[in-house]
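Okay, so subunit A shows up in both of these, paired with subunit B first and subunit C after.
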Partner chain A sequence: MNREKRDPLARRKERHVPPGARSRAMHAMSARAAMGRFVLQGCVDCGEVTYPPRDACPRCWGELQWTDRDRGARVLSETIIRVSTDLYFRGQLPWRMGKVELDAGPVALAHLHAGLKVGERAEMRLMLDRGGNAALFALPAGREPDMGDRQWREFVVPVKDRTILVSDARSAIGRAVVHALHAAGAGHIVAGLAPPARVADQSDGVSGLTRVQPVPLDLTDPVMVAECMSKIAGPLDIVINTARLVRGGGVSADGNLVEQRRMLDIAVLGFMRLAQASAPLLQGRPSGAFVDLLSAQALAGDSDCAGYAAGEAARHSLLQSFRHEMRAVGVRVLSVFTGPSDDEDHQSAPPPKVAPLRLARAIIEALEAGREVSCVGDVAVDAMDRWLADPALYMREKNL
Partner chain B sequence: MIAMDPTLAGLLAGIASRRIRTVDLTNTLSPDFPVIVLPSEFGQCEPFRMETVSRYDGNGPAWYWNNISMNEHTGTHFDAPAHWITGRDVPNGTVDEVNPDDFIHPAVVIDISREAAADEDFVLTRAFLEDWEARNGAIPPRHWILLRSDWSKRVGTVSYLNLREDGAHSPGPDVTAMRFLVHDRDCVGLGVETVGTDAGQAAHFDEPLPAHSILHGNGRFGLQCLTNLDRLPTFGAVVMAMPLKIKGGSGSPLRVIALVA
Partner chain C sequence: MTRAQASYDGVVLCAPVTVAYQRYSSQPAHWWAGRAMRSLAEATGFGPADIDGFCFASFSAMPDTAVGLIQHLGLSPRWLDHIPTGGASGVMALRRAARAVQCGDADVVACVAADTNRLDSFRHTLATFSRFSQDAVYPYGFGGPNATFALITDAYMRAYGVTRDDFGKLCVAQRRNARSNPLALQRGELTLDDYLRARSISDPVHLFDCVMPCAGAEAFIVTTPEIAARRGLQMARILATIERHNAYPDDPVQLRGGWAMDADSLWASAGIAPAEVDTLQAYDDYPVIVAMQLEDLGFCAKGGAAEFIRATTFEIGGDLPLNTNGGQLSFGQAGAAGGFQNVTEALRQVLRQPLGTQVPDADIAAISGFGLVNYDRGVCTAAAIVEACR
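So, the complex of A and B:
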């Protein structure tokens, strides 16, 4: 188990977030950065590519459009900030930034990864800072970012050595997440196992792993949620909500309301119970994060599993509000969308299906890339593309 | 002052002087108390849930109260005849219509704790009961039959539900025992420490689920998830079991006590 060495008498470290006020154009950039895209505005009239975000083309006053761009860049200069009046950056000093010449055209001010020197080629990432706003970060071209880089760690959520709660570790997905976290070097994994327990659970694969602490957890029970938090040894860094009950049925047809109610209780109120209980623990941490696994059915109603889709849609909505609340305290809230997974919950769904282990690795990848919104697998990627392009058409097509 | 009837006065005096003891046969109703688990093709029993409405706080500065929810068959509970298809036409078969006279009956305690410890699938048979009667005396009519299995001592461990790959494993009666108790001994009902009156594997018996089927088809009752049966005498305890008056209800969580002289 990871044990942080902390001065027992030290005053609690108060955590701050970078300044939050931004223009509407900048929020449009952040919304795209949240999905891991690298976008810049281009003028539909004269073709000028521009940065920072603006409301009109600085050359011809033409209309600007967001377009994905080449991530390449060259570092022109660097500077080290040693003094700041901003509370957040005062806690991070010294801080290294530099000018980069983007292959897409503009010259921009960017945060620099350790070791990246003037004159070198860089690969740009549009990252969200702790306050949820987009910022340019220059990484050494062709190299994996170093998770040990102090500045990079402000934009991502490292998994190694962290204490992580997996709300449902009994499902195929939950078990895969526990195994993937273990393989990624998580320090302590709290594995929620909803009662009733089988006699064999005492010696199964999840609780048999080292660094894994099985804890009874059913999100429909507020008492159990509270007791789960009290049983976690040490501080809690990350929560991964894998709890879901997947059942079919329409609105007026085949709707077993007892099942539908339990499904909604887990999906909606269960999420709120988990969020309420864990938020105070996460916000004291240097890289606190809450990851929620969502079905792409959250994006539109689905007549084959109307109640399930409604529960996912409700949680998708709650996550937006939760994200807003957590931005103020620097905790990242990540949504990972997926299509049908290759497990007992989706026995009748036609392929392609997402393997639980692939989903588990994608969750870790989303954390370590600091990406707020991810889509895993062809079904979820396609659903998100179609929904973004034409939500009204997508809702119609899903219910033909 | 109006004088109390001497029979009732004697009962109260007995309780006050501790000559008549009360034994609580009820498990605590809590969210983590296990409920019966059915095969996945069937609807499932909801456990007990409690959400605080206020606790001397902004939602109620001077008062504490909770919203609770559960299945009718959660925790220590009563099964009415209408719970089973065999009892669907039994008159007054729902909890709201059970005759209040049936809330108070004497009990006979049959100890199967040794057998259940040796065999978690122990099956109670007519032959066992006849042998028991030869040693202890006949089971009197209109009694609750309380099966002391000591299963309640497993509460809080996975061995209470005792779910294995092939389902639950816990002791219970077979069809010969149930016919004997209902038809030959005219029992009021069967009270057990396990989550069901039937054995864990009783769905696979020759006549499946004989306790539910025969008890309720003959207008008898069930009591489940009892505790402290080891504190009762074999004969002479009086059981007080009053289900909630749920309109059309098939059963109810309840407080069960025994009076022991």
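So, the complex of A and C:
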């Protein structure tokens, strides 16, 4: 199933990332862009909206704060850059960019979507570039971005025709992810199935689909993780980590330590095994990405499922480190937070619960929007809002 | 209402020197500054003990500033300044040093700009130029100043109907002026056809719209007429100067520079009209900025650059001799020295010490500086009118 013809003697293409130096204020903008927000600083005193990011209001020297803004804009001028001294952009030339006047007030330089012309209305997106820093991208107003646009593709992760590994394709979520990827036109889906094989794998599973390759994969077994990678024919573009063992129990009571140990092994060390094995494959790819599905329990401890929350919190932390490592090689690391899913793991959890297929579609949407952090469902959105607003209060409330 | 500018009585400019530019140099900026001091000494007879004021501009002397330079060069000045404004630094050095001399804070000020250009130093200078550039310019294609000025040129051409032929006429005239200058890095013939057919760098900016980065140094002396006379130096007086930073911050695109805010006071203080100027040394890192200066300094009306360019000859001996050493477009851009060469060339022409061809009967020169693209436009503008003392 080798879809991509490669000359084994050819020198591998070395991939670069855009220039990475940024001010602290710009990093604050990037942190918000990572969540899909379009924000600009505004003065708390006079209301002046300002860009590029500053540390003081240029009208009255008041304090600035980040606020979501109208995405409208108009293109003022354009250029096609044909010469650059930067290694990343040298590999992307010619590159079309321009100046836009934002409806929110300031003017800004922005990447331009193909076909967007001077004088036309635009809709702004605040995207993360290959190096993980925020950049403004102007889309034609009222039109969806074209996944074929060469410049837009530098900011997103297309799924169509890509080779994608799903680490656990047996769970309800895993099956939904494989089906959704298949429907979205993924070229080759490697479906991890932890041994022993089950009867249901044949009747209910994903093995029968075309373009799906079942592979034995248990993240607690380092040999199996390595063998899984060796069984993938051709390059690997995307890894989606759906593996999880969900068990309840507190710290001092109700915790079955055998279960807790396996749960943490999958959640923490299993993730590291998968990251270590797949990172070298992903970093050679034009749009490599690693997606991890996280419980919103990662944000704060929970006495009803203390071990599970601890495992998710540990992986949340590891993902931040992994993301930092992967930024240097242009691979995107995406976190998709969710609340209880509507599956056998959460039979006694009250609604609202997230349907596995909705979660699967949200993962694809996060990839194709290049969004680093997503929250799916009301529970995860609520948890993230409360955690961002007041982490100390949220931790306390959650354990009342 | 700002007060009227005091006169520059009791101050003269003399001894313009240029250290021959090189495309690349392995010598540091300090070496280039040293050559400039030596050239000043040869032109004036001043030694370290005579120079009691020092004003320095450079992009490549890191980690040193003017402080490091004075110890490096063995000076003990009683007045010191460091000017970080690039293309506006020459006029700014002139005005600061002039007031220092006039007020008695210094007697002899050496104004020096020196920059080196190693093989990779342009890229390094770009990468660390400014915070706004790092945050909001480089991530958009890293076209350097070429892309920034491409966006300005694009908007300017749309707004005022200036064409590439018009810009080409300026570039071709400057190249003709460069042909008699033995120090110009680019002296080959350049036709309008060559200009128009050159490869695009960042549309609509093409190859001959761009300056060539190089290594070099420029310097001049600001002192009193009495001291200059004792040394037998040719001298020029300052009729008027202006300076403005971050003008018109609410203009979405830079279609005018800070000169427009202050040009009226410049000509009023000088007591002359633009037509009385014998030569114009305008800042020319991209011809669009030259066109902007022609308008904003009052050589023509705003929006009238295209018509003015078509009706005017800019060669030495023409209607308005422009950038008579070839300008940075042909002479080369030696970093901050690019912001000094307009001053030294203006002085050479009015003092009748040309590197190449002399502008006939040149007595009065206008000098204009433009510096530092901090984000989306040049932030610093300055201009001066000087006249030979005869």
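In this text, the second predicted complex is superposed on the first by the 387 of 400 C-alpha atoms of A that agree within 3 Å, B and C clash if a C-alpha of one lies under 4 Å from a C-alpha of the other, contacts with A are read in each partner's own complex, and residues count from 1 in each chain.
The rule we apply is simple: a contact is a pair of C-beta atoms (placed from the backbone, for glycine too) under 8 Å apart; a residue touches a chain by one contact, two chains touch by 3 or more.
This is a predicted model, so every value here is computed, not measured.
Enquirer: Are subunit B and subunit C a fit on subunit A, or do they clash, once the structures share the same frame?
Expert: fit
Enquirer: Looking only at contacts as defined up top, I'd like to know whether subunit B or subunit C touches more of subunit A.
Expert: C
Enquirer: Touching A:E78, do we find subunit B (first), subunit C (second), both, or neither?
Expert: After superposing on A, A:E78 lies in contact with subunit C but is clear of subunit B.
Enquirer: Could you say whether A:A200 touches subunit B, subunit C, both of them, or neither, answering first, second, both or neither?
Expert: First partner only.
Enquirer: By the touch definition at the top of the document, which applies to A:P19: first (subunit B), second (subunit C), both, or neither?
Expert: second
Enquirer: Touching A:N256, do we find subunit B (first), subunit C (second), both, or neither?
Expert: first
Enquirer: May I ask you to decide whether A:V223 touches subunit B, subunit C, both, or neither, giving the answer as first, second, both or neither?
Expert: Once the two structures are laid over each other on A, A:V223 reaches subunit B alone.
Enquirer: For A:V118, decide between first (touching subunit B), second (touching subunit C), both and neither.
Expert: second
Enquirer: Under the superposition described above, what is the C-alpha centre angle at subunit A formed with subunit B and subunit C, rounded in steps of 10 degrees?
Expert: 140
Enquirer: Just how close are subunit B and subunit C at their nearest CA atoms in the overlay, in Å?
Expert: 37
Enquirer: Where on subunit A do the contacts from subunit B and from subunit C line up?
Expert: none
Enquirer: Show which residues of subunit C lie in contact with subunit A when the two form their complex.
Expert: Within the complex, subunit C contacts subunit A at residues 122-123, 126-128, 131-132, 134-144, 146-147, 150-152, 154-155, 158, 199-205, 249, 252-253, 375-376.
Enquirer: For subunit B, which residues are in contact with subunit A within the complex?
Expert: Interface residues on the subunit B side: 30-32, 34-35, 37, 43-44, 46-47, 49-52, 158-159, 161-165.
Enquirer: For subunit A, which residues count as touching subunit B in their complex?
Expert: 195-202, 216, 218, 220-224, 256, 258-259, 262
Enquirer: Within their complex, state which residues of subunit A touch subunit C.
Expert: The touching residues are 18-19, 21-23, 25-26, 51-53, 58, 76-86, 88-89, 92, 95, 97-99, 101, 107-111, 118, 129, 133, 135.
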